[in-house]
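Pasting the structures in now, so scroll down.
Each of the two complexes below includes chain A, the first together with chain B, the second together with chain C.
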Partner chain A sequence: MDWTFTLETFISLVAAIPLTLQLAATSILLGAFLALGLALLRLSGVRVLDWFARFYVFVFRGTPLLVQIFLIYYGLSQFPAVRHTILWPILREPYWCAVIALTLNTAAYASEIIRGGLLSVPHGQIEAARACGMPRFMVFRRIVLPLALRQALPGYGNEMISMVKATSLASIITLMEVTGVAAKIISETYRAIEVFIVAGVIYLTINFLLTRLVHVVEYMLSPHLRAPRLQTPVQGESK
Partner chain B sequence: MKKKLLLAIIAAALSFTGTAANAKDWTHVKVGIEGAFPPWNMIDSGGKLSGFDVDLIQDLCTRAKVECELITGEWTSLIPSLNAGKFDLVMTLGINEKRKQVVDFTVPYASGVASFLTLKDGTVAALPMTGERLNLNDHAKADPVMAEIGKELKGKSVGVVGSTSQEQLIQSYFGNAVTVRTYKSSPERDFDLKAGRIDAGFDSGVYATSMLAKPGNEDLQMSGPLIKGAMLATEVALGTRKGEADLREKFDAAIKSAAEAGVIKTLSEKWSKLDLTPTFSGN
Partner chain C sequence: MNQPGFLDVISFGPGGWGAALLAGAWMTILIAISGFLIGSIIGTFGAWAKISGGRTIRGIADGYTTVLRGIPDLLVIYLFYFGGSAAVTAIGRFFGSEGFIGFPGFLAGALAVGITSGAQQTEVFRGAFKAVHRGEIEAAIACGMSRALRFRRIIAPLTLRHALPGMGNVWQVVLKESALVSITGVAELLRQAQVGAGSTGMPFNFYVVAGAIYLMISTISGALLQWSERYFSRGVRRN
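Here is the complex of A and B:
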């Protein structure tokens, strides 16, 4: 290992981290909303909506992300009709094409994770909420969604990690995120080992922090699973 | 005691391989070639290697009186494979400083140019000196032309293939004025040029002429001068491992004699429609 070179590589790659994080964060956030929508369509009980969501998941889970990015970036721009729509200012930019592809892809996987979470909420809890007189939306907001999220979180954590790694594919549409810069350094210096080790360490660090974050959220959402803290009895508690 | 013995063995082994390499009598030479870079080299419909490089290396090997074996490999792996001893020569290497640190070059066997590509009726007006040759090392003549091109391209975006000398040139001449977009390959850049995502491209003249001749690219054109010099790796040579002087000299002589005999001119015009014969006195 040549330490000076490794350090130089590290500095160049660190400069590319913001783009990687931005791609991952934007697509995970947008993807989460889309996924929730899709999961609700699946569970809506309306056959057309259910089948639409099923078809969406089938297509986006069944094709490689690489192909999706290519089709959205290079494919759509082939049609002059697309270049004359109001969407072109967005589709023109590689950043937004990458965000769109990553969002659509993660939404397909995440919708199944969320659906599993929603289905895991015990009926008794919903009935109890109804019995208290909560309207439907309030039941969803206060009871179903928090419990479903807690249940879905470990699976969702996996999906977020794979999204961080999936941003590396954005380099094929000219975005210089961590892998893009790494590939550039390798082809300039012909030294693959140091560069890939540094890039690997960077992804590992990002994902380590991400798993810690997921862990913290998981802890916050599951007070009912922890032993109660010892508390001094409050006066008048017997009331 | 044991340690000393081990050291002695290592020293002996090292000196042995050293002398072996020096004394190597070159009869069989393994040549690494990409096979996916038309018109330089490609696999034809019959599955055989063809192209300018393939025709030329056969002539050069005859002149150098060695038997050559062509082996194809991924472009990015060619230099590492050369240094790992899997090949003895690598073809189609543009000469530049970065590569000089890892391989030795023969004299150039072809001298190309680089040129801008634009969309007909696109965002870039006609650039000066279209179709004329321009050597950037001739500063008195070249600098005003490049300044004029810089003015026209200001605020626009130029697409290049990443890690090429064309990218280096655009960065160093126009880096402050234009947005440089780097692609994995030339055809991807051409898609974006045709889609209007970028305003211009910059690529090798040989690539540009063969691309423009293909259907589907009628909207594109070459614009501005045919550029060489500065950091452009338009001088294409064979690469050898560092210190293989015997082999390098053999091929230096073969290339010079092929150039003199007009073989390079005939072959390059056959494959690229341009005369790529190099000049050997101080590029």
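Here is the complex of A and C:
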């Protein structure tokens, strides 16, 4: 292995990490709100809203993310009407197109995870909250949502990892995040193995840290599930 | 210039792209099936390594699944496409050929998809094997079946039955992943849509049609998988 080349590759790839993280964080955050909305539509009990959310999830989970990215980045520019709206400065940028596609895509997967979490909230908890006189929204904010989020967190952690991996597709619409820079170096030097190892180590590190972070949050959110700390009696103290 | 309408995109007549897109869809299915089969073979060995391998073999299998589930699939495709070309060129130079030899995109794509899905298949098969009742294997031993016979008649069919739902999920992932192979220039569905979009200037129409075809393939194969799940668990009592 050529260490100078590997080190140079590492330095250029590290410089691209912020863009990867930015893409992932923005789309996960925006996607979470959209996912919550979709999950609420599914559970609204209104048939039209329910079917809309179902159709959304069906379409976005059934088609490749790359098709969705192309549709937004290349497809929308086909219509002159789109090019004349105030949205054009956003839809012209590959960065925002990637963020929009990733957000819409993750929302479909995450809405199912959140829906599972919302369904897992025991009915007794909601009844207790109502018995305390909480209004509907307060029940949702104080009882249902925190319990649902705790329940959905492990599944959501997996979805976050797939999103970090999915940001690599942004390189196909010219964004120079980690995979984009890696592909550029590979196609210039044809030294696929070294570049692959360096890029792979970077992604593995990001995903490892993300997994640890989710574990920490999970631990913090579940004090009620941990065994209480044993109280050891102080030596020499008499009863 | 005569702008083609939406119907021309899908028509089979002169100037229509229907035939090209259909050929692309067929290529997508071929890539997905090859990748899925390669992944299943790798998954079988991976699961075997994790279940009954020694410490070294188990370590290798663990490393394989951790790495392949933590890095983007696109990176693996780049590795095989460019790495393969570099290797083939080096071999060609050894035999006295001058110049660059490209690695076939189909092979690179199928191998890359196979190796990434193999990591998922490993976990699917391992979980499915764990779901086989000890008693069934003990009974087979008690009947005097040899190891090979036991595997063929008892373990393999029961494991496959438990693995079918998980394999269905992997298949859907593989189908969508096959779209990434378009970057190698293989004339699969997304690539054909790109070519059509480029030569007619109507990207939206082409990507919508490509997306619809992906949805169709995944829906039909999903229905087939569900049917086979029912068929292969017809001997299982439901309560």
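The criterion applied here is as follows: the second predicted complex is superposed on the first by the 229 of 239 C-alpha atoms of A that agree within 3 Å, B and C clash if a C-alpha of one lies under 4 Å from a C-alpha of the other, contacts with A are read in each partner's own complex, and residues count from 1 in each chain.
As a working rule, contacts are C-beta pairs under 8 Å (C-beta built on N, C-alpha and C of every residue); 3 or more make two chains touch, one makes a residue touch a chain.
The model shown is predicted, which means the values in this text are computed figures rather than measured ones.
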Fit-or-clash call for chain B and chain C when the two complexes are aligned on chain A: clash
Just chain B (first), just chain C (second), both, or neither: which does A:188 touch? first
In this superposed model, does chain C or chain B come into contact with more residues of chain A? C
May I ask you to decide whether A:172 touches chain B, chain C, both, or neither, giving the answer as first, second, both or neither? both
Could you say whether A:118 touches chain B, chain C, both of them, or neither, answering first, second, both or neither? neither
Is A:67 touching anything from chain B or chain C once the two structures are fitted on A? First, second, both or neither. second
Look at A:152 in the shared chain and tell me whether it touches chain B only, chain C only, both, or neither; answer first, second, both or neither. neither
Examine A:92 and indicate which partner it touches, taking first as chain B and second as chain C; both and neither are also allowed. first
Taking the superposition as given, does A:39 touch the first partner, chain B, the second, chain C, both, or neither? neither
Kindly classify A:208 by the partners it touches after superposition: chain B alone (first), chain C alone (second), both, or neither? second
Please indicate which partner A:77 is in contact with in the superposed arrangement: first for chain B, second for chain C, both, or neither. both
Looking only at the overlay on chain A, choose which of 22-30, 58-66 or 94-102 in chain C hits chain B. 94-102
Does any part of chain A touch chain B in one structure and chain C in the other, and if so which residues? 74, 77-78, 172, 183, 186-187, 190, 192
Can you check the complex and tell me which residues of chain A touch chain C? 58-59, 62-68, 70-71, 74-79, 161, 165-169, 171-172, 179, 182-183, 186-187, 190-193, 196, 199-200, 203-204, 207-208
Looking at the complex, which residues from chain A come into contact with chain B? 74, 77-78, 83, 92, 94, 172, 174, 176, 183-184, 186-190, 192
Chain A partner, complex, touching residues on chain B are 76, 79-80, 98, 102, 159, 162-163, 181-184, 188, 191-192, 195-197
So in the complex, the part of chain C that touches chain A is made up of which residues? 66-67, 70-76, 78-79, 82-83, 85-86, 89, 176-180, 182-183, 190, 193-194, 197, 201-205, 207-208, 210-211, 214-215, 218-219
